[in-house]
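So, here come the structures, one by one.
You will see two complexes here that share chain A, one where it goes with chain B and one where it goes with chain C.
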Partner chain A sequence: MIRVRDLRFTYPKGTSEAIRGIDFAVAPGEVFGFLGPSGAGKSTTQKILLGSLRGYSGSATVGSVEASGADSRYRAGIGAAFEFPCFYQKLTGLENVRLFASFYPGPKVDPRPLFERLGLADAMDWRLAEYSKGMRMRLNLIRAVIHRPRVLFLDEPTSGLDPANARVVRDIVRERAADGAAVFLTTHDMAAADATCDRVAFIVDGRIAACDEPAALKRRYGKRAVVVDREPGPEVGAAAGGSAAGASDGASDGASEKTAQAEYPLDGLADDAAFIAELRKPGLLGVRTLDSSLDGIFLRLTGKELV
Partner chain B sequence: MRANDTRPAAAGSRSMATGARLVAAGSRLVAADLRLVGRDPLLCIMPFVPFLAAIALRLALPPLAAFIAKATGFMLLDYADLIRVVLILFPGTFFGMMSGFLLLDDRDDGVSAYWSVSPVGRSGYLAARLALFCTAALVAGLAVGPAFGLGGRSFAADASVAVVGALQAPFFALFLAAIASDKVEGLATLKALSALDLAPLAVLLPLPARALAWPFPQYWAARLALGASLGPGTGVAVGPPEALGLGLAVSAAWLSFLYARYRRRVD
Partner chain C sequence: MNAALFAADLRLLWRHGFAIAYLVVAVLYAAALSALPRAWADAVLPVLAWSDPTFFCFFFAGASVCLDLAQGTFRSLFASPLRPSAYLIVKALDLGILSFAMAALVSASSRGAGFRLWPLAVSAVAGGAPTALLGATLALRLKSVNRFMMGSIPAFLVLALPAVQYAAGRYLPPWFGLVADLSPGDGSLAFARAAYTPVPAGELALGALAAAAWTVAIARFALAPAVNAARGD
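So, the complex of A and B:
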């Protein structure tokens, strides 16, 4: 549905390329996460695909139509939710949604159930000036999906949302994908990306540094080992075959400082007598793998902390 | 053969359907703008200001003119035609201000950027808004003359001035949206632009001072209504048709320049 080949772009006043030859594709029914630090090229890529930025080289197509030739038919198949929701302040939530939806051809989703699901039922008839940031973000999603677009561009869709509403947003995104939409999602929220995306790409300085399924990336950038967490005791440090485990890519972030840890390689784990013995000792708190997290991968690839 | 025969008819019906869709989309945008104006107390009042001014002058000008004539011998009502021109141009200014403030709001709120990724497109959204306020300015311009009731040479002259005046609505709208960074700057810009309301008075000035007003359509509106020549010593006579043509040409040049500035600002 979305195909990008050797895409390059330099802003008119820019001295260097903002996008430096990227390739990716998003299939119908797929949620594709586009992750990276600010200024890496996420928004530029999205603007090109939305048909707002021209003058690029390479190819960027949506439904086989080149983005540089985007016309009203091209845009009719797209749903977009910008990071900063923009609405008519003097119209109500429902009026805004209905106004924008009225310009798209074809059948529309009934907005009322979506308002209810996203906790906006009571605010449907409020003017936008009375909406909080979180409410606008949820309304932003309703506007983006109301016309059943074939391609959905979402920029930070869970920004400013509480965990419950963020979950509903993720559910709706997954439902749209299940309905056949290709979803292009840019975010800093690695937990949301992990929970929602089928594949993610990390873009750094205009180039894609890694692109795969979240689970595959976590395995690739993680360590093939398990860590046994136990209450501290004199025998833990002397665990035969094990070693004191250190934090790896944030995987141990949840462990208490007082927790004793011992690490065992994943290969041959079932026959590792030391590991079995470790499990039999008192004070066992848990066993976890040393897969990396998307946060850790982000940090490793970009060299920048998430904020 | 049969397919060839039906092709032009099919193309015709397709273009008719496209036209109908455009009209329907434009109507929805216009309806939305009317709703936005209706919910803003300041914008609600603006369409009536030219009429209030015209009626106030209709009532106040004759006794005021009599008083001035008695006191100084100056015949103010000799200039009723010119005052009528200024009043007929007023709706263009006011409807342009309304449209400009809506554009500024949309630009600040990011709504214009959203339209650019919708089937309407930025151009469609802008065209619908400018067309609405331009049409409203034309209708109001035609109605303001009779509301004033003084001066006036012919309906054709009033209508021509109203046409030039209506084109000032997109001029003011685009000027505000292209130049001002926010509403506060927009108000300051408007104060500076309000001097243009007096451009028709330049017909009273001798050359070369009068030439300062040539780049402004408001001046040509006065020329076409008053129908006089450019003045002694120029060797060039400008009748109403030429003045109308110059007024439209100058308006078109300004609109092209301001539209390009606006697009650079929002793209």
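So, the complex of A and C:
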């Protein structure tokens, strides 16, 4: 649905390329996370795909149509929710949604159930000036999906939302993908990307540093080990120290004041006698894997924090 | 024509106070005309009727675009299938309708039924279309209400030339009349005059042609590049 090949772009007054030869594709039904720090090229790529920026080299197509030739028909199949949700302040939420929906051909979704689902039923007839940032973000999503687009561009869709509403937004995004839409999700929020995306690409300085499923990235770049957490105590502490020494890398990752920890390699774990003995000792608090977070992988691959 | 956009734009003109501004100015115009001697009122009326579409469409189209820019709505508009030209035509049309209503109201207050509506309607289109597009272009380039108010002064002076020629042409050198004829608002003034007194058909045809030429030229060579620049912002 979305295909980008060797895409390069330099702003007219820019001295260097903002996009430096990136390649990716987003299939129908897929949620693709485009992750990177500010200035990495996320918005530029999105603007190119929306047909707002021309003069690029390489190829950027949506539904096999080149973005540089974007016209009304091209845009009719796209829904976009930008990071800063902008609406007509003097119109109500419902008036805004209906106005923007009127620009798109074909049948529309009834907006009222979406307003209810996103907790905006009572605010449907409020003017936008009375909406909080979180309410605008939710309204932004309604505007983007109201015409059932085949391609959905979402920029930081859960920014400023409480966990409950963020979950509803993620659910709606997943439902749109299940309905066949290709979703291009731009975000800093690795946790949201991890929870929502089928695949993610890390972009930094106009280049894609890695692109794969979140779980695959974690497997590839994460530490293949488990950590046993237990209550500290003279007997337990000694036990923890013993088991840590028994771990293949010989390292406990440093017990805190309240918790003793011992680490064991994931490979051969079922046959690791020290690990099994550790589980039998008193004071067990839990066992967890040492998957890297997407933040950690991003930092490791790019040397940059996601800010 | 997008009926929802047309209705929403009228609603916005009302809620932003543009329609009230039209009404207040119409009442002020009517009051001023009622205080003038009959001959003076008849002489001033065409200019007042002409100024409604020419100046109001210019300033209010610019202000309306500035509001869009301030609210950030253009980004979503540009991402939609709506053509920017359709959006701006609807704005010009709504402002033109208000201008026409205002000119008709002022005319009726001064002359009762002694004027013709169709030339006023054509005057609203001929004056409103090029000036609204010009106002929108300047607003897209200048990007804020304050800059638009300052930056639009030269354009305002050019738009006002036909009124100066109408009022004081006989005292001005011939070249001034030629320059005034080239103003985008000049065609509209011929139709505004025709609402109250006979005007030669040739002059009206020339006025309509000039207004159409100005509208196309502004749309093609000024507005379209401004829209493309705003799209990439």
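Worth a mention:
Definition applied: the second predicted complex is superposed on the first by the 277 of 307 C-alpha atoms of A that agree within 3 Å, B and C clash if a C-alpha of one lies under 4 Å from a C-alpha of the other, contacts with A are read in each partner's own complex, and residues count from 1 in each chain.
The working rule: contacts are C-beta pairs under 8 Å (C-beta built on N, C-alpha and C of every residue); 3 or more make two chains touch, one makes a residue touch a chain.
Bear in mind that the values here come from a model prediction, so they are computed numbers and not experimental data.
When the two complexes are overlaid on their common chain A, residue A:100 makes contact with chain B and with chain C alike.
Legend: residue contacts after superposition of the two complexes on their common chain; A:15 is shown touching neither chain B nor chain C.
Look at A:89: by the touch rule set out above, it reaches both chain B and chain C.
Common to the chain B-facing and chain C-facing surfaces of chain A are residues 50, 52, 72-73, 75-76, 78, 80, 82, 84, 86-91, 95, 99-100, 102-105. Residue ranges of chain B in contact with chain A, taken from their complex: 25, 28, 32, 35-36, 39-40, 105, 109-111, 113-114, 116-121, 124, 267.
Contacts from chain A toward chain C in the complex involve residues 47, 50, 52-54, 72-73, 75-76, 78, 80, 82, 84, 86-91, 95, 98-100, 102-105, 143, 153.
Touching chain B in their complex are the following residues of chain A: 50-52, 71-73, 75-76, 78, 80, 82, 84, 86-91, 95, 99-100, 102-105, 127. Note for the complex: chain C touches chain A at residues 2-5, 8, 11-12, 15-16, 71-73, 75-83, 231-232.
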